[in-house]
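Which chain is which? They are A, B and C, in the order written, and residues in each are numbered from 1.
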């Protein structure tokens, strides 16, 4: 058997936990905030679709008025100015309230961007998984040709930047117009740019996911497949019913990392005109000239997505755990 | 093939040929004529990568040691900052640092490379600090994998705790860190393309500038494929070089 | 009457000769024990029977048909195998280990499979461990699940590849008791094992294999008391001396 050389390391984008653990005291507080965040998002998305579907995104009103926050900010900055040099910390506090007010005023638009961020991430990670599983199986169990093809695919994708890949699809292949012509795009389905971004993220993520699944597959004892074949299961059936159920469990931590990376990298869709969270923030910044403030606000959004996803995946891992496997 | 499929193919094929503009040699000539322009962009990409990975190492190693050995306040602060840096998209970090930090705009440009110093600094800080946050995880993991026994043995010889970490634990941990570091290095390399967001003239931005020139739309795919190839060669070379480093420093019998 | 027949079977791994012109016949309902030093080709011989390994030369006939002519998966359904390291499906309970083949190979419905698997597990004394995962079972229990898993396929021949070698001494008895019961019920069995007591009291045939070739084969009692080959005598005395 020829050994396939690796040009990357066995890990995907990162060898360790993608986010890491916060000190325990902060975790309970964050759990509450996480529930509040998702509760608000779901209510907001439902309200804008079911109760007031005809209102323009930019004309929507936040559930909570921004006025009081602005009042506090004004008062604080007056105090800060009066105190002179001593007032600097109070000035920072005033800035925090101003930023919060800016965020609250733009919550409806940010919620709309967040919806696309969520759609991009969830659709791409799942479609990527569908490609990644056969890709990983091909890498581990395939003949020389399938093995090399799968290796070439993963190494080419993992060796080039995601943004360059999006540019190939959007500018290079001009996928926009043909995708726009597909039935349902822009109607019940998302707009053409969103679909092209999903294609790009799916391809990219499939390569990284297959790497995690591949190393999980090699972690399954060879005797498992032998035993499956000994009771009369074919090779593919043995992989499907015996090896993969174990390997996919081993792959959950790596898969969680990839999920979190994708949440963050979905922001790059902004550069092919997708109005997701980051692009919404950029537009708000261009309107208000308060780039730093609005970017700070969406940093909090992304952190909320990342931390709640990490917590949910830990829960999922516990739920699917089997004694002796891990 | 059934009749419907043939018919569909007959309709689709001319369309496909129409929008895949991959036929003329002239567009590749255009890439070749601009090779100097693109190579300067490659230099910016390399410079930005080295500066960011270097900054990440200088901050990430002590941060990893603090996370592994520290206690109380300091460790809590380091790990919280780490979570924030790892939980925010790199593009958001870059624009936040670019717009939010008081970097003087009149620092001028880096000669030859045609890159504004202020943008370069903001990008290096964003990429470098985030890389530090990831590198700290690599180093924390390998430091913990060295084990308490080594530290105890060193302390029993009379070494102080910092000296024991410095002379016994770190040399072993650093060797084991090469694969994780390798991974992180290539991530930074690929993510330098995200400074596209602040218009820094690195490789991807220069490619964009080329194909958005009036009348050059035909060369889009050639330009992007060319720069993708450069990125691929860079990541591939980086991986090979760090593989060599890994083999060179491997300890017989030691876990890698 | 002959169920399994080896005729001049030769097998190499690379340059190394692991089976050297092996010929023998095994009748239905007979129990054959193969002994021999490690590396003598015992496991390879078993694996050739269910085509987990392919022979280089010679023929193996199962129920009169050369096994190369039958579909490997169909052959494996009829020839069960029990492994030294159990190889239980780690992600499935004891019951799930047995139902997998019933569902995916024999096409049982979910209910039929559960019912049949429960009976098989009760048969080997594991009625109380149906929902335990492999990691929660003792070695002896694991091996009994392995036997139940093989039996559920209704095999005509069972292969045992050192079924007690990975067990603590106090757990060996429970597995041998199950094997003895199977033999009494008329199961045809081909066993590689170092359990000489089992060989002497249960086996119909004993084969001594060395360097890939059969040195001596015959009635177990005769091999113990009156071996024809010095090599057999030496190997048996060393083994009995050890135990």
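Throughout what follows, a residue touches a chain if its C-beta (ideal position, glycine included) is under 8 Å from a C-beta of that chain, and two chains touch if they have at least 3 such contacts.
Bear in mind that the values here come from a model prediction, so they are computed numbers and not experimental data.
> Taking touching chains as linked, do they make an open path (line), a single closed cycle (ring), a hub with spokes (star), an all-linked set (complete), or other?
Looks like a simple chain-to-chain line, open at both ends.
> Can you name the chain that lies farthest from chain B, using the mean of each chain's Cα atoms as its centre?
For chain B, the chain whose C-alpha mean is farthest off is C.
> Quick one: name the chains whose C-beta contact count is the highest of any pair.
A-B
> Rounded to the nearest whole Å, what is the centre-to-centre distance of chain A and chain B, using the mean of the C-alpha atoms as each centre?
Centre separation, chain A to chain B: 19 Å.
> Counting only Cα atoms for the centres, state how far chain B is from chain C in Å.
For chain B versus chain C, the centre distance works out to 55 Å.
> Round to the nearest whole Å and give the separation of the Cα centres of chain A and chain C.
51
> Flag every residue of chain A that touches chain C in the complex, lowest number first.
Chain A reaches chain C through residues 221, 223-224, 226-234, 237, 241-242, 245-246, 249, 322-325.
> Considering the complex alone, what residue numbers of chain B touch chain A?
Those residues of chain B that touch chain A are 15, 19-20, 76, 79-80, 82-84, 86-93, 95-96, 99-100, 134, 137-138, 140-141, 179-180, 182-184, 186-187, 190-194, 196-197, 204, 207-208, 211, 220-221, 224-225, 227-228, 231-232, 235-236, 239-240.
> What does chain A use to touch chain B in their complex?
7-11, 13-23, 26, 155-156, 158-165, 167-168, 171-174, 177-178, 260, 264-268, 270-271, 278, 282, 285, 291-292, 295-296, 298-299, 302-303, 306-307
> Where on chain C does chain A make contact in their complex?
50, 52, 73-74, 76-77, 80-81, 83, 85, 87-91, 100-101, 104-105, 133-136, 149-150, 153
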